[in-house]
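The structure under discussion appears below in the form of structure tokens.
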Amino acid sequence: MNALVEIQNLSTYFKSEQGVVKAVDALELRVHEGETVCIVGESGCGKSAAAMSLMRLIPEAVGSIVSGEIWFAGRDLRKVSKEEMRKLRGNELAMIFQEPMSSLNPVLTIGEQIMEPIMEHQGLSKKAAQARAIELIELVGIPRAKEIAKSYPYELSGGMLQRIMIAIAISCNPRLLIADEPTTALDVTIQAQILDLLRKIKDEAQTAILFITHDLGVVAEMADHVVVMYAGKVVEVSPVVELFEEPKHPYTQGLLRSKPVLNQRRAKLYSIPGQVPNPTTLGESCYFHDRCDQCLDICRVKQPPLRDGGDGRKVACWLYEEESVRGQ
Amino acid sequence: MTSYFLKRVFYMALTLFGASILIFFLYALTPGDFVDTSPKLTAERKLELKAMYGLDKPVVERYFIWMKNAFQGDFGYSLQYQQPVMSLLNDYIWNSFLLAITSTFFTWLIAISIGVLSAARQHSWFDALVTIGVFAAMSLPVFFVGLLFIKLFAVDAKLFPAGGMMTIGSKEAGFAYAWDVVQHMFLPVTVLTLLSVGTLTRYFRTNMLEVIQQDFVRTARAKGLKEKVVLHKHALRNALLPAITLLGFELPALFGGAIITEKIFNWPGVGQLYMQAFSVRDYPLLMGFTMFLAILTVIGNLSADLLYRVADPRVRLK
Amino acid sequence: MDSNLLEVRRLKKYYPITGGLFGRTIGHVKAVDDVSFSIQKGETFGLVGESGSGKSTTGRTILRLLEKTEGEVRFQGIDVHALNRQELRALRPRMQYIFQDPYSSLNPRVRIGEALGEALLDHGLLPQTQVRERVLEVMALCGLAPYHVDRYPHEFSGGQRQRIGIARAIMMNPDFIVADEPVSALDVSIQAQIINLFAELQEQRKLTYLFISHDLSVVEHLCTRIGVMYLGSLMELAPRDELFLEPLHPYTKALLSSVPLPIPKKKRERIVLQGDMPSPANPPAGCKFHTRCPYVKDICRQEVPAFREVSTDRFVACHLV
Amino acid sequence: MASTVSEVAEVTRPEQVALRSSLWHEAFLRLKKKRLAMVGLVFLLVMAVVCFIGPFFSPYASGKINTAMINKPPSFSHWLGTDSLGRDILTRLMQAGRISLTVGIASMVLSVSIGALLGALAGFYRGWVDQVIMRVADVLMTIPGLPLLFIMGAVLSEWKIPTDYRIYIVMVMLSLIGWPGLARMVRSQMLTLRESEFMQAAEVLGLRDRRKLFFHLLPNLTPLLIVVATLNVGGAILSESVLSYFGLGVVPPTPTWGNMMDAANTLIDFQKRPWLWVPPGIAIFATVISINLLGDGLRDALDPKQKR
């Protein structure tokens, strides 16, 4: 089966006052048609930057993609023109964001904001787009669609606005939907509604979803495949069940052990010591070595490659390398 | 909304009351007036005139008389022109308005265009140039620029007339008349525009730069909209919104005249009238005009506030 | 009864909504609406709820950072809202508050050492000469290095800032701490460190916590008794085991089933609530939860259910229980 | 976009073990990186040195009338020419600069002191104190600044104030119209700070009012005050020049840049002898633009969070 998205060796660097930040460092990622892939990691690990790179929406003032290939449906997105890329965005590639409140334009009506991509990409007349917008509002489960279309964002709740964002995203039947922490700003009961809606869309339209989150619970619920990132690098790739049953990378293990879980009480939580390294001063070592409880000598001097274990799982850790390779 | 409005009107009245006291007593306590300074008058005639204008009454009483008349739309009687202040203002104000509205138009046009352009090309040489230009415009002494322009473009290069509103003795009409006025307007409008364009451009540039950082602009781009639409529809509308408030604040400037510019270019507007009144100490005119400015300022503030409420859907309903 | 450190009785905090011609009060936002509970010495009482449930307002009103509208807050028998300014100031060292955002709760222009020591000086609890020593001691306890003393807040990471917030709260040896979403802004790996710090400090210093959080798993881990809030009112109050294993109120049930578990494949029967929480300015009549309750009956729309004790130490406000 | 930016901010933590860091030093380092602001600063320093020390090296500093040298264009001995009394323009320009700069700075100090004090009082105590102060400020702000200055200037002339004292009165006038805007700004900043979470934290700690005010609130106001004070000097210099040009401010024989330009009021001087009035105009412009550039740089340097 051919992948819908295949990202190879993608690096995106940000400029900062302290120096260059390797926000995304040699990313490998694959998303198949109709599949949900979750990128999980803590703040600053580069998960959002990866998504923004895929959309080619990294502002010049912030940083730029420096290397790699982004294959989407047979085309390298890094090589298509700006105009072509624009025509793909909102059309074949759609995206929703963390803060639904600020992600919608406060001075335009909901209806107008849904109509925009429909008219732009599908060339529908204003009237047809209007009808389609109302249809979409109903589709994402909001009653009184006609009234809602005429209202302004501040009149709706966060959960409703995220539904509107989803309506905008699916308006042109995209092949890939990127969801960047779509439920982080919402309450749990609303989060449950939104996750349900996203699953419904995936099942009904066979839309592939690239889901970015820091919440392992959400990952377990949504993902088919999981990509774990740390300090800009992919440390582990795995099908979801295997990842939670037998995490391989010490970071993944630590994350799973440090999260309190409902109805699984522990006397004391495991905690990963220390904190995320300063991204401007990263060296040749494994970025996790100073927080790792299984650190080897080689970890301090050399970065482990992301190795395919043959069982559909990949891990970037010296613990899983042959003795002979480690010794080098 | 209504209660808010009423509260604002109450504060408005209070502020104007304060302003009237300040204005009146500043003048009233000043020794010497038009009658005193006039050398041609005899002592008896002076007393006679003072009684006629009510200048012999106690200060507080004079204040209340002044206020009472002001409420009836009578701001006094110009001693120099021998005309009611209001009718005098009415004669001159439209010339000021013509000058002000034209320069306001150009100021906004330039400021908005530059604001949008610099948002589109952040960190370019263009943006750097704009920054320097903005500071230069904000630092210009009005009268000096006016004088320099007259010297360079009117006296030396003879491109434009040096002052006034039309060529003296001209009996042109229709299009020729209009063209004559336009030529006379060119320099003062340029100076006025130059003076206000700095602050406004800076304002728009900052606003645009702020707005294009916001999440909804990212959403607009993620929807695949054309960059032109992103900037002009999504970003500019939000950047313009707070600027609507500024329109209200322009009100006193529009009718209050550009005092210095009018004086320098000898433009027959209220500013010019005002400066004339200073040299002969025509206090009723000065007081009337100053009070008029205060009223305009207060109304301007209020309308700025209301405009914003009308324009922004977020506060419209509340 | 005398082991109760804090007692909250029928506490209300309303914010007036003004309008009309003369700015009359035309309604109230009922942020906290008739809440009663007590906290025993040495326990960790959890207050959970979604945003807008009034849990933070409750915490702030208890410490009188906000003035109450009605009701009573007794701390060690003292009516907190009846004190004058001096008395309140004198009581402050005994009850402290930890904020959700450790950055905005630290003055950006004050060095950490001064921020931690100033209250000791201001209350005259320690002579100047011993303050620094005490500051360093508490910092070490909270996992901060001595050289951090001269740093400014912006030089710290989120986790370290929260350590500073905690250090500041325990500096004066309080008996009671209100912790308002103290780990919500932190990443998972840092969250675990702070949660453990809370537990350690409690053990060492016999602290009593009111722990406010929207994260049920964190609350389950830390708290001994838990109150569930919805639209300004308590829906259920129970010891930890009872609440998590056998929730009684439909809202608690829905809340618990909404939490995504890091266990793939585990199919749970899930109650997905419909709609949004109504506005606290205009709460529904009867049971406040009736607009979203899957088991709603006629009586729920008409009568406010009493918050009553259904078995020892278990309180529920529901007609159906 | 915002999230990617904040993501960078989140991870770029300066972990370098610098010893005792200082906020002022950091701000200065940031200011040093702003090229335009540094140009402004250097220019201002040079201008101040030239104006205050320059005249000592000028052979024409006495300002004696020299009938033989009336209205001469720039030459080798008089770089900027001479005026109608045969005085050296360059020397006059430096002497005038002293006065103009002094008036600008003094009225700034005055208006900032009044404005900051009243604004802080209004913001801290609120209630009737606030009402009284802000209503007075409202009244002063209702009459546009320039007309108000003209009125006061005219009144001043009528009271026949000795010319030597006028310079002080001008300072007072300028600060009188300068303080209300400042007070309003300080007040609103104060109200924001009062509501800030770290002030809530101060309340939880039970700190005394005095400590809250002097240790927490005022230090957070200083960056704003420094910026506003800087920009205020420029505004004051501009206003003074307008006033003096129209003969309502500082009057001869005390020279200021504004009243030097009075020469332009004579038709023949205006048309034929630009060296009489162009140099002071350029001096005003250059000084004010330098101040504005410096002020803008300070704003960025002192509060890096406010703007990118």
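Order as written gives the chain letters A, B, C and D; numbering starts at 1 within each chain.
We take it that a residue touches a chain if its C-beta (ideal position, glycine included) is under 8 Å from a C-beta of that chain, and two chains touch if they have at least 3 such contacts.
Note that this is a predicted model, so its numbers are computed, not measured.
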item: Graph separation of chain B and chain D (steps between touching chains); value: 1
item: A-C or C-D - the one linked by more C-beta pairs in contact; value: A-C
item: Interchain centroid distance [CA atoms averaged], chain B/chain C, Å; value: 55
item: Centroid spacing, where centroids are CA-atom means, of chain C and chain D in whole angstrom; value: 49
item: Centroid spacing, where centroids are CA-atom means, of chain A and chain C in whole angstrom; value: 32
item: Inter-centroid spacing, chain B versus chain A (mean Cα positions, whole Å); value: 53
item: Chain B, residues touching no fewer than two other chains; value: 214-215, 218
item: Multi-partner residues of chain D (each touching 2 or more other chains); value: 1-3, 5, 10, 13-14
item: Of all residues in chain A, the ones touching two or more other chains; value: 43, 57, 97, 102, 276
item: Residues of chain A touching chain C in the complex; value: 42-43, 157, 159-160, 187-193, 195-196, 214-221, 223, 240-241, 244, 254-256, 258-263, 265-266, 268-273, 275-276
item: For the chain C and chain A complex, residues of the former touching the latter; value: 50-51, 157, 159-160, 187-193, 195-196, 199, 214, 216-218, 220-221, 244-245, 254-266, 270, 272-274, 276-277
item: Residues of chain D touching chain C in the complex; value: 10, 13-14, 17, 19-21, 23, 196-198, 200-208, 211, 215-216, 219-220
item: Contacting residues of chain C [partner chain D, same complex]; value: 63, 65, 88-93, 96-97, 99, 101, 104-110, 118-119, 122-123, 147, 150-152, 155-158, 168, 172
item: Complex contacts: residues of chain A adjacent to chain B; value: 55, 57, 60-61, 86-91, 94-95, 97, 99, 102-108, 116-117, 120-121, 152, 154, 165, 168
